[in-house]
Each structure stands twice: as C-alpha cells, then as structure tokens.
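Structures for review follow.
Same chain, two partners: chain A is paired with chain B first, then with chain C.
So, the complex of A and B:
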C-alpha cells in the first residue's frame, strides 16, 4: 500500500522524542529507593521507543504515592480523586480513542475505595494500560494497612497486626468476565518491567499489570526474601508472552512455559504464595472492547447529542407554564 | 422436458419462412412457467448482502426457513410457490415493483380467489413466509431496460458505500477541527465575559451569582497560550471547504453550511459530458483535496507552514493520487447502441484510456445488425460484439462483457468491477432485438453467449500481472470447445424417438433473426446424394472445398416441426469469423494457446531425436556444509578484570540512591539507568556505601584506586560481598 499524501507530509516533520521529552520539569518527589521511580522510567522508555507524541498521551491517577506519577510525565495527565482513576480514564478513551491512556493506581486506591470501578473497568475491557503499584501499604498517609497488606502487618491502623488475609489482585482480576490481559511483574527487574509494560501497551484491551513495588520507608526489606532469592521468582515464558534474555535466564533459573490463554493454570499461578510469578498470566486479544462496540458508524455531533437528549427530557418534562395554566 | 417434433418434413419451395428458430429452443417455449434467473431482485443494499438475487432463490431460501422439510410443510410450500408464479406472471406482463408490495398484492388476490376468510390458514401461511423474506428490493424482468437498471443499481450501491466512507472521514475531521477552535475560544475574553458565563449557567441562576465577579476571577487564571492567528485562519479555511463540499450530500457535521450548492450529478448520457464535467469540477476537487490534507495535518498537529505551505501551493491535478480521486464519486456513463451518437464510442475509449474514475456501460440490443454492409445511424457498427475485446487493449480498465441472461451468474464479477479503483467498461447484450419478435429477450441473450456471438468474460488489471490472473472466460458453457454440444431428442416420421448431438453455433443464433432468414435454405434430402454437413464438419474443410458446400443446422417452425436448413454465403462466412474471434479469446484464457502448443511440439520432437542417446547423469551439486553456529555471545561481563568499579546497568531500578551519593561518580544513561560515569570522581568510601545502600545490589566497588584513602582496609572488607 502506498502512503497517503498526509502521511508523506507528516514524514517531513521530524519528531525524534528522547527520554527527556517525557520528563516534566518537576523532579519526582518519591522517597529515595522507592520502586515507583523504576515504573516511571519504564513508562518513559516505552513512550520513547514507541515515539508516542506527548500531546497524544495521557496518564490518569487517583490518590496515593503512585498517583503522583502524572505530574512527572511531560504529557497530558489527570490527577483524579481517590479510587476514581478508571472512570476518568474510560471517559477520556471513549471521547478520544486516538489517545494512549495509562492509568497509575495503588493498592489502596484501586483495591479499596476504587474496587467497584476496577471490576467494571475489567469487564468493559477498554483499550488502556493499568499499572497497579502494589507496595501493600498506604504510604502517602504514613503507613496504614491496605487491602493487600499481609496478615499480621503492624501499621497505624492495625497496631496488633492486620487481622485478615490479604486480597489477591491477580485472582480477582482473572475472575471477572471479559478479562483480557493480566500480568505481574516486580519493580526490581527493570528489563521485565519494561517488557511486560510494552506487551500491555501492544495488547488491544484493558491491560492490567500488578507491579510489586518496594517502599523503603514503611515496608523496608519487605520484599527482600524475593529480591535476594531468585529461586522464589517463577518467570512465565511463552512464544506469545515473555521471552527471557540469556543474562536474566542465568539468574532466574525457575522458569515455566505458560500459555497466556490457559486460564486454569493462570489462576493456579496467581494463587501462589511462596513464589512470585512474573510474566503474562493471561492474554486474550479476542475479547470485545466496549469502546469499539459503542463507537458509532457515524460521528455524533454535539448538536445531535443535544437534540436527542432534549427530546428524551421532553418526554418526561413538566412545563411550568402549562402546569400553571392547568392549575387555573 | 422433451418436445414433439416431426422430421424431416419437406419445406415448401420459395423463400424460407421468417419464423425459424433453432431446434434447441423447442424446450423453452413457455418461459414464464420456468423458474430461472428472472425475475431478478435488485437487492436493497446492506452489508453482506448480494447485489442481485433471483426471485426463485429468495423463495427457496424463505421456504427453507419457514416450511418443515417433511409433509407438514407441503401446504405452505405449494402456496408460496403459487404466489411466486403469480409474481412471475405479473413481471412477464410488464409490471415492476418491490418484492414486499408484489407479495402483498398477489397474496390478497390468492386469498380472494380461494374464498378463504382473511386471517385464515392461507393468509397466515403467506404472512409467515413474507416475514421470513431475507431481503427486499425492486423486482425486474428481462427486457431492453434490464442492463441499465442493473448497472445503475450496482453503481448506486457503490456510491452509497463511498458516501458513507467519505462522511465518516470528513465529518470526523470537521468535529476535530471544531474542537480545536472551541478549546481556543474557551481562552478568549469573550468566553470569560459575564454574559457568556451567565448563558452557560442557564436561566435558573436568578441573580444568585455575580457573573461580573466570576468573570474577573476567571480572567486572572486564564491561560495565555492562544493559537497563532495563521493557524486559526488555516483551520477556518479548511473547515469552510470541508463543510460546503459539493461532491456528496451533507453529513451530520456539515449540514450547517450556508453556501452549500446542490451536490454534483455523476450520471451522464455521453462521455463528452462526463469529461466536460470532470474538467469543470477540477478546481473544486483540488481545493477539497488540499483542505482535507490540511485538516488531517492540523488534527495531528503536524502542519508546519514553512514546510507545507509551498507544497500545497504548487499542488495541481497532476499530483492527485488514485486514493484522493477514489474518495470522491465516480462517473457513470450509459451508452446504447442505436441511440447514442457513433462518435461516443471513440470518446469513451479516450476517457477510459486516461484512467479517469469513470464507469462506462455499453448496451447492445442488436448483435447482428442489418444484412447490408453499411451501419445505420447511431450504430456502433458491425463490431458491437467486439467493443469489450477492444477495451482490453487499453490495459488499465476493468472490462466485463456478458449478456442479460448471465448477469446474475456474474454478480460477483459485476461487484468487483464496481469496486475496481480505475476506469471500468461493462458491455452488456440485452437480448431485446427488434427483429427477433417471437423469442423472449432472456432466450436471445442466453443464445448469444451459447453461440459464442457474445461470450462472457472479465479482464481485471488489479488481479495480477499476467493474462492467467487477469482474464477470465469461466462463465461460458463448455469453454474448451468451439461450440457447446447438446443432445437433441426428437420424434421421426415413423414416430420413433431419435437422439443426436448438435452444436449450438453462430448460425443457430442468427436463425431466429427475421432479417437473416434469406440466408437459410431448406435442405432437399432427395436432391443431395450425401447427408448435409454440420457446421462443425464444414469448419474443418479447406476454404476451397468449403466454398462448394454449405453447412446445415436443425431448426424448428412455429409448430415445433424439425427440419434442416443450409447456411448460405455471407452468413457462413460470419460463422467462420465468429469462431475465429472465439479462438482468440480461448487463447487469451490459456485454452489451446498456440505458443504453448508450438513449444510442446518442438519439445516432443527434441525428445524423440535424443531418445537414443543416454542422457549423462547429472553431477549433484555439492551441498554446502551447514555453517557451525557461532558460539553464543560471550556472557555479559561479570566483572572488570582490572578491578575497576562497575554497575549491572540493565538491572538498575532508577531509585536515585547512588546518584544522590555522588552525581559525578554515578550517572544515568539514555534509559535512565545508572552507570559509573567517572570512577575517579569520588572516593572508594562512596562506592562502597552506594553498593551497600543499593536496593538491588548491582554496584560492584572493585578495588580502591587511590592507595592513600583513609580506612582502606575496612572498606575493602565491606566491599568484598559486592565484588
């Protein structure tokens, strides 16, 4: 196929975005040693490698440490309200399908106050990437137990230790109908973090990544057991999933070939407690996307929307003048 | 179905009777009783529906849905088939209408004649079947107007699809450009003025809000980054052109253009008119194409005046791409032999040759023409059957030739021709020849294909680079043969059933034309010693011998009596020419290709000559040894040999620990991952402390570089676990 005239003329305009084009003027205010830095870097690398125009990229967040991310991206951003990152992102996507939408949210933001939106966003399967920064604690408010905090964790709200077993974001997401992409990765293996993020971006649909993220201030050494013992990381590889480079392959010897379409195995892997599965748990590109299903064949104009809405309202409208006349 | 014929019957002497017909026509006398491709439904266009569908197939599809296959469905089946016969009778009587309307009309009549009450069993059955009809559309018969109706229907469907695509693109761009202007307007003084704020709040504010104060508050926080004036002008200019374009009717986003003209018409009676219109509309086409490009670039925020202004200013018709032209409607020109000026044929080839988006239909009603050599007024000449073959020579046009009877069979090809991005020519024989009064046009048009007088074929330049891909002769009966062969059953003078195989030739086709009756002379069995020679045998004779004999064909008279007539003089020569043209087409389709046959013959001769000598055994080519795969790349450097400090950069999590220790010693690379920028820019202590605080333990301090540094022994001990 030959290029159109617009494509040719666009080629004349040089755009070679580098990492710094995606870095905002504000320096990240995350603590030194925080895993969020690695996630931000991976996201900026993805934008650079895919040459996403900053003006066509949006990151949306709720409230929490993780949700500060839009401030540090030189792109459009929406720092929303607690737990409501997903509805905002859905609104952006359905109105502007041409934008690349990234959602950053934390375990408190997404799995507690925003849990209802999370379920329905998975079911809607709209085309966006969701990064759940899971440090298993409320960090911004200085250590309270979150839904994913491990049982027994002493925090300001659980001085005698957390009473309940933690919620598993992976098994929950895998259990929702229309789920199309679920992955887990850890912030301390940046290559895999980047690879998984890249695959999530390429997937058409709602790509959910749970990222185990270190919090050096309130959960110091919490992930040390996994970080320091590669045998406790199970890397999921597949021709349609992750492919390990030899360097990583030598360190992470525990590998499993996992077909991303194998849901029963994905559920079993997601439920592992002594090991951390890293890679694509589930990926199904055939699941319909709500934004595509609802996209009309013809564009809706603002005046058309207004006309139709007014007609609908008029069906049940009470007109003061008429009511007054009737009452006379 | 067999017929009753008696043969051979001596013909009365004198001129041949004008109502001869080929013997093979005998079984198709009552066409209106036969379920065939007509009546044909011009299907209302919807995705995944065909353009055309015969009534009989639609009825079959419907019955399959609603009538159980067993005996319980028998009543419904027979009622619906009777209704179909009713519709067919109406179409044959010259009626035309939509399937649903005709259905209701015939159903009402059937109910009335049956004496059944409305809402009775018959009414219920027919209504159930009507609701199960898979499609609706105009029902047409086969007559002189059929080719025009079918082509217009196909062209309309294509234009509707084009309009849909066009509006989706253009309306989408208009809305996006309006969004850009709107977002700029929101930053203007006007949008922040008290009156604008008040109107935004609606009528219920009741003075509770001081809009003046609100305006001044908003004014302070108003962003200053307005769009440059030249960009606003450019967007407005493009919007104006897109909204008021004259090619298709307005879409949802473009109905509010004050200066809208009526959309251009794209159907023409002559190619001259089509070419004139093309030239006249060219400025509008160029203006629209430029506006579309500007809009696409502006929406993507990629318009750079310094780069693009010059290119667009010099843009003219020679820069128009096929894709840009194909976004706009294409022209349809309908020419008709006998009505259109003869010179139009030359103009149509001119229009096709220059590659304009034009679809030309040439309708031919009279293939044979008058017996005199000079063509009548407004005739395309004696070569009407060769017009499509000539168009193949243009090489860039899609060409389709078929007779009315085969239009449905070539439905897919018709659609492909309409979709073809370039000029297209459709040459269609209607079968409604005035000098063939007693035979239905459907039969005449089918006979034209059968006799090779008007073969069906397509030439599609987009299908591939060679003749085999482009040229298709599939839709001809028995295409490997000179003439199609059929079995003719008849009853002889003794009342015995006889059967013989006869070819349907050009002479048979000419036999039904009253003007050509004078070229047929009855065979007088007693006058000739040998049996009359068939056309096939006659063709095999050398030209000299052929001049002294005449081929004979079996014909019937109006009472279906069989006899044989010889084909005389000029007509016999036409038979030979027709066969010659057919063989040329066969060769194009790869049948009996003369080049291939010659090569085969030469090859066979060569092989016979070399058969005696033993061919030398070929030495097999030495198989190149598979190269041994190179050693896997050496493992990543596990440590610097010289004791220099190093970092496993790909594992860095960008956590800032080390760069905050000493940003001259540690720095980030292009991927924002840490590396040792300058090992001498810091102390060994800093290296060791960074290694200790690194969360992922990827810093290796190596050996101290400055032997005078304090506490070296202790530091080397602390560095050991990281080296």
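So, the complex of A and C:
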C-alpha cells in the first residue's frame, strides 16, 4: 500500500521466481535420506511452477520433524504447536482468500493429538493443501508408536510390539462429511509426489494428501517391501486424475483407472493393505468451502460499524425527555 | 399512569384511612430505592418480567442493576425449592452499582420457589410478597396443604403477604397462563412502582418484536390487566423519584456490552466454543457481527478456537476468543504460543465458579492467577478486569489497542454476575479511532527483522503475510531477531527480556484510579472486577457512620499501576475483597503459615511487602454491600 516506487518496480520486474526464491537461508536439518526433504523440494517446485509470490504463500505446521518444514521455505511460515496446525491455518485463511496456505503435519501431529481438528478441518473444507508426512512413528521425540504404526512395531513405548492395528488416515478422511480431496503418494517417487501436490493445489477446497514418508533414522527399511517391488504400488490414473508418463508407466505396471468421484471404489482402495494406492482417491470440486460461505457480503468499514452500533444502541436507548419522541 | 395523576384521582373512600385502600386512590409512597425479585419455575418467564421491569425503570431515569436468579439445574422439577428462576432488580433514584443486600418485594409464582429465596436469606424480614394464589385450589391436596402452610408461616414471620389470582386473571385472556403470567406480573409491578403505562407497552412491543401482532396484542392485554388488577386490589403504591434523563443512555447486560465492544474495537474475527456464562456474548455477536462484515467462528473446541484466533490475528487484525474457566484452561498452551511469537490476541474470560466444571452459571473471581500465570514458562500477558457494564464495552476497545500496540495477549476478566446484570450508561459515541487500522500490506524495508525489539519498549513491528520482504517463519520455539530457532542462552534471554519489557512499558502508561473515600485512614479495601459497586457502597455506609474506611479498585491486574503501595501505606490495615477462596482462620488447621490467600492479596503482598489480609467467599453469589460492611467492621476491630 505504501510501497516505494522502487519496490513496486522491483516487484513488477521480478515476476520470474526460481527454485532458490523459495529456499530460506536455513539449511534443512533433517537426517540424510529423510523423506521430508523430497516433500520440501516438491513444494518449492510447485511454488516456482505456479509462480506463487512468497509473500502471499503461508506454510503452517504443528510440531514434529516434519513440522520444521516452514523454516526451510522462503515464504511466510507459522511453526505452531503440536497438533494445532489446522486451526491456525483456518484462522489465517478465514479473512485472507489472497493467501495460498499449505499445512505440514505428522502422523502424531494430525492423527493423534490433533485428531479432532483433522476431522473438523475436513468438514470445513477450507481452501488449503494439507500434507500428512506419515512416517508411522514419532520422529522428533525419538521413536514412539504413532496411531499409524503397524501392529507389532517395536518402539520405545512399545518394546514388545505395538498392540493395536493402525489407524488408516485415508479411510478416516474419506468417511468425513464434506470431504473434497483425498490423495496418497510416497516420498520416493518424486514425479508423482509433485503431480499429486500440484493437483491438490489446483483443487478448490481442503486437499488432503497422505504421504508415506521414510524415516531412515527410526524406521530404516520400513518401506523397503514397497520400494523394491513396484507390483505392490497401484497407480490410480484418470483423465481427471494422475496421468502417468511412459517412463513411470514402464516401472509401475499395476495401474487402475479410478474415477475420483467414485467414493465406494475410493474406500476400497484406501483400505488395501498389501498394496499402496498412489494417486487421487477422491476429488469433488462441488463441496462448498467454509471460507467462502463465511466470506460475508461486504467488507468491514468504519461507517458500517458506526451504523450497526447505532442501530443496536437505539434498540436499548434511553432518551432525554425532550428528545424522547424524536429518539423513538 | 404517573404518580401525579394518581394523586389527582378522586378518592371515593376518603374517610377510611390509608391502609387497605386500593393503591390508585391514594398517593404513592416515595422511596429512594427498592429491591424486587420475581421468581418462578424455569420456563415461566420470570426472568423476562424482571428484565423488562428494569428496562422500563431505566427508561424513566432510575438507576437499576439486575441479576439473574438461576436454578442449579437446566430442568429442575417444577415447584421445587432448588428451582427458583427469575430476576432481581434494584431500582433507585440515583445510580446503582450493585445488586444490594435483600429484596424488599417479591413476586413468586409458587410457594416452593419463594421458600428457596427465603431459605437462601435473600428476602428482607417483613418484605412484601405477592404470591400466585391458584395453588389453594389445586387438585392435589398435597400442593394445597403446602401452599397454605407456607402462606401461614410467612405471615406469622411478619412478611406482608398478598395472594394474587394471577393464573385465573390471565385465563380471561389466554388459554395457558404459564405463557403470559409474567406479563401480568409486569403490569402489577408497573402499577406498584408508578411506572409509565406507555413505556411499559413499548417494552412489551420491543421484546415481542419478532412475533406476530396477535401475540404482541395478547401480551399488552395481559400487561394492562395486571396493572388494572393491582390498582383495583392492592393497597401498595410506590414512587421512586428519578431525575430526568439529561443525556442519551443505553441499557444492556455485560455480555451484550462485551459483544458491542468487540464490534466497536474493529476486531473482525471471533473464534469461540460455547460455554456458560460466556456464550450469550457470542450469541449476540453472532447476530450482528456479519452485518459489519465480520465472522464469529464456532470452533470444535477451545484449543481450536484459540489457535483459529491466533491464525486470524497473524494474518490480519487482532482477533478475539471468548470463553469461561474450563475454556481458559484449554487455551493455555496456545496462549503461550501467542506470547512467544508475539501475536496480538484478546481473550475474554467470563468467569464462573471453579475448579473443573464447578458452578457453571454462578459467579466467582477465581481465574485471576490462571489468567496471569496459567501458561507454562514465563509468559507475560496483560490482564485487566471489568467492573461495570459500561466498562465491558470500553475495555474491549482498550484491550484490542493494547494487544496490537504491544503484540501481546490481553485477557479481559468479566464474570457471571456482570454477564447478565443490566445497567444503564451513557450512550457511547462512535469514534473512528476505536477501530483497528487497515492491515499493513506495505513492503518491509530490506534491513528490517521480524523481531526488531525496540530497546526501550521491547516492541517489535510484526510482519503480516502479504507484506513483501517480510517473509519469516513464526515459531513457538526460542528464536532470535530473524525468527530463527535459537537455543543459546543469550538469545533465549534476549527474547524473554523483550517480551517482559513490553509489560513494563505498558505499565508506565497506566494510571491508578482515585481512592474511593479519604486518601488515608484505618482500613483500605482493595478490589477488582465486578465487586466494585458493592465495595464502594459498603465504604459509603461505613463512612456515614464515621469509620475511616476507603477503597481502591484495580482495573489492570497485570501489570499494576504505580502508586498502590503509597496508597496502602496511608492506611493502618489493608484487606482485599474478592469473590474467590481463601482459607478461614477459624479453621483449626489453618495458620498464617499455611493459610491460602485470595489471588489479589497474594499479589499485593509479594510485590509490596505489605501485610494485606483478604476477605471474600466462593458462594457463587455476587458479593453484597452488607457482608462487605460486616467484614470491614470486623477488620476495623483489629485497628488499635
């Protein structure tokens, strides 16, 4: 608003953002081989390809290894508190349709401590992209079981093996009213990670991506079976979903044409245990968005506030005798 | 009918003396003030009757204060001692600042709710009681017997009892007297207190404004019938001479004032989760906020509500979250985030009795320490308390300004007593500078840092998303001036210092309000929040009897204004008056070594090393001037 002339000019000239424009001066401090690195790169690529102005991009997270991501983005970031990334992101978005909001969360962050917010965020269906970095363990706090840990996993809190079956973030999300976008992807196929993220960004509404994320530090070789056997990855393709490039098509031969509006099939795919479905499970652009529903008809202006206040005061007004008639 | 015209009415039985004559035939007795209670089973509309009486009285220029009488349960059994629901109205010739001691006149829709109020000690000995007389014809002999017994007992104890066939009279107009008896009672009360007929009808039209004309007409008929019945059959008539209203006023309750204050403050987002007794503020705000282009978001819980408000503040103007005790507890972690990341936020806590679910509908000033210190680590926040309805309105505006000037969390402590209490106050005149300035979207200078803490004030200008060059990652982790995570001792202490310094900077701008009473004396009472009026009235009563008592009321609890110690030192004894718990010294186990003190008393003692005593209670009731007077008298006994 009060930007100087030169600043305006620089902005006009600098329309071409490159990858480095989205990299903050802080080097990522994730372990070598950590899947979070690939997710960060995909996000930066998306920003570049969409030429998102860094000042209009907000990356929000909770607490966990994954949640460090906003520090590594050159954008506005909000590294919040454990489990609460979603309500913070909702608050950011409610009056700021001009901001692109990305949420980074972990399996503990989202599916345990923040589970209530997850459920309601799906129902609010506000415009934002949510990346669930699901390494199936608590990384930051040094290997405890998470709700998505497989049964039998030995961790520091389950030395004799996790007792329960894991919670499935996909079936849960698909089951929530107003769900509008659910996808799954894996950190080790960067092309697909990018494609899915891109589609999530393009979708109007709450775009939920579960990303299977490697944690070599605490879950070494955990995803090896899936990584080494492409037959255990089922790629979901569709004219309104992923379209595989020939190179990938040659590797990932197990493909299924899945209509992203086919909820029964989406639920069946989401429930697969021996295979990992990758792609868009569900996508429905028609679901109303809370941020748009609550946008209001008019902006708040001082004269509007004055008018409404006076209307309310009039209803409970007491008038001096001589002006009583005029007042009523 | 005004009292003047009443006096002018020809008196047909002029030779019979005053007693026992219909009210309209003789002049109304002039009173300086009266306390009226209307009690019924819940759902019979006694609250609406009381609120309307208060509004009509206020419109005629009287000072008023009301308080809701709330049953302990949502749906208590009908005709039960615990089920008394209604309203108390204190009306006076001058301004009223509290609910007073005991009621002078009671309208009871059954004898059980009356018993409830009598047992609670809320009715003055010898008070006037108007009771629904229909129970003596009830088909259940038990009810008839109970009714007759209570009536006989009450008469024997010296109360002035009038049995009024309210239901029977209402039946002349409507099929179900339960839905309308309250308007009949309102009509009676308007006659008894010589209130203007047309003003009463206007009030009825106002409260039923959303209903169709038939309903409005029926209620006005009931109102007029109640008045006519009272004029015909009662020998009591009072007049409380009110000075003429000289400036426009408004009359509302504390929660409505908080809601209107929120609108006036320019905040645009309120995130909340329903909780008694805060909810009605959000209800009212929900009804009007969208008209000014703003949003009330009902979140899935208080944690979410607080985080939502923080997100909204971060991305624009300061936001507000409204709650009560249990909700405040849930918000604490997020409040720490707002403190650490220096995001402005207004938190309104309409206190109720605690801990845990406690006394959901009743008043207590039990959250002061939680508001100040409830967050882990060193989390300096501003805490202010409201002490009148007018204060509720203006404090939200002040809180928003402080929050945004200092990038701090500001907690406003109201309580269940103020939430529903009504009081007239000068109609606020809108000022554009109440509102927040537009969200800054200008480019940030190249060399600026997100936490460029000012050396003198500790304040750093925050960067709002959308501002070019301002990109940084806000974090609840310890951070340096660039908002980079930093765990080294020096950086951590730099952050702590600056966040703390902002409180000191604010403190230098605060002014203590004048002492009520003389500047020195034997006893100083110190209070905060809703008990101001009751404390000051107690002081006035004691001073009228020659006691050297004064009082001081604190608006800011954190930080506190300078000068409190100077005032305290001019008195021989200092005692806080608080509506919260302290251990009674009469308890054999309690000694000065283990006595748990009231919140403010602890704070004053620790800061100024003054021997501050405390008096108060946690009975779920607003403190009354009478009990404060007695406590002060007892304390005066210690003065040598």
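Simple rule for what comes next: the second predicted complex is superposed on the first by the 286 of 328 C-alpha atoms of A that agree within 3 Å, B and C clash if a C-alpha of one lies under 4 Å from a C-alpha of the other, contacts with A are read in each partner's own complex, and residues count from 1 in each chain.
Quick note on the criterion: a contact is a pair of C-beta atoms (placed from the backbone, for glycine too) under 8 Å apart; a residue touches a chain by one contact, two chains touch by 3 or more.
Only a predicted model underlies this, so the values are computations on that prediction, with no experimental measurement involved.
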Look at A:315 in the shared chain and tell me whether it touches chain B only, chain C only, both, or neither; answer first, second, both or neither.
-> second
Identify the partner contact of A:41: answer first if only chain B is touched, second if only chain C is, both if each is, neither if none is.
-> first
What is the contact status of A:305 with respect to chain B (first) and chain C (second): first, second, both, or neither?
-> second
Contacts of A:99 with chain B and chain C, given as first, second, both or neither | second
Touch check for A:247: first (chain B), second (chain C), both, or neither?
-> first
Counting only touches as set out at the top, which of chain B and chain C does A:187 meet: first, second, both, neither?
-> first
Of chain C and chain B, partner touching more chain A residues = C
Chain B versus chain C as contact partner of A:91, first or second or both or neither = second
Touching partner for A:55 - first (chain B), second (chain C), both, neither | both
Please indicate which partner A:26 is in contact with in the superposed arrangement: first for chain B, second for chain C, both, or neither.
-> second
The shared contact residues of chain A with chain B and chain C are 2, 4, 53, 55, 297-301, 304
Residue set of chain A touching chain C in the complex reads 1-4, 7, 11, 24, 26, 53-56, 58-60, 70-71, 73-81, 84, 86-96, 98-99, 116-117, 119-120, 294, 296-302, 304-306, 308-310, 312-313, 315-321, 323, 327-328
In the complex, go through chain C and note every residue touching chain A.
-> 55, 58-59, 61, 202, 206, 244-252, 256, 260, 263-264, 266, 268-269, 271, 288, 290-295, 297, 299-301, 303-305, 307-316, 319, 333-334, 336-337, 424, 427-428, 430, 432, 435, 438, 440-443, 463, 465-477, 484-485
Residue numbers on chain A that touch chain B, as the complex places them = 2, 4-6, 9-10, 12-13, 18-19, 32-35, 37-38, 40-41, 44-45, 53, 55, 187-191, 214, 216, 227-228, 246-247, 250, 297-301, 304
Which part of chain B faces chain A closely enough to touch in the complex?
-> 164, 167-168, 171-172, 175, 251-253, 289, 293, 296-297, 300-302, 304, 307-308, 311, 321, 323-324, 632-633, 635-636, 650-657, 660, 670-673, 693, 695-697
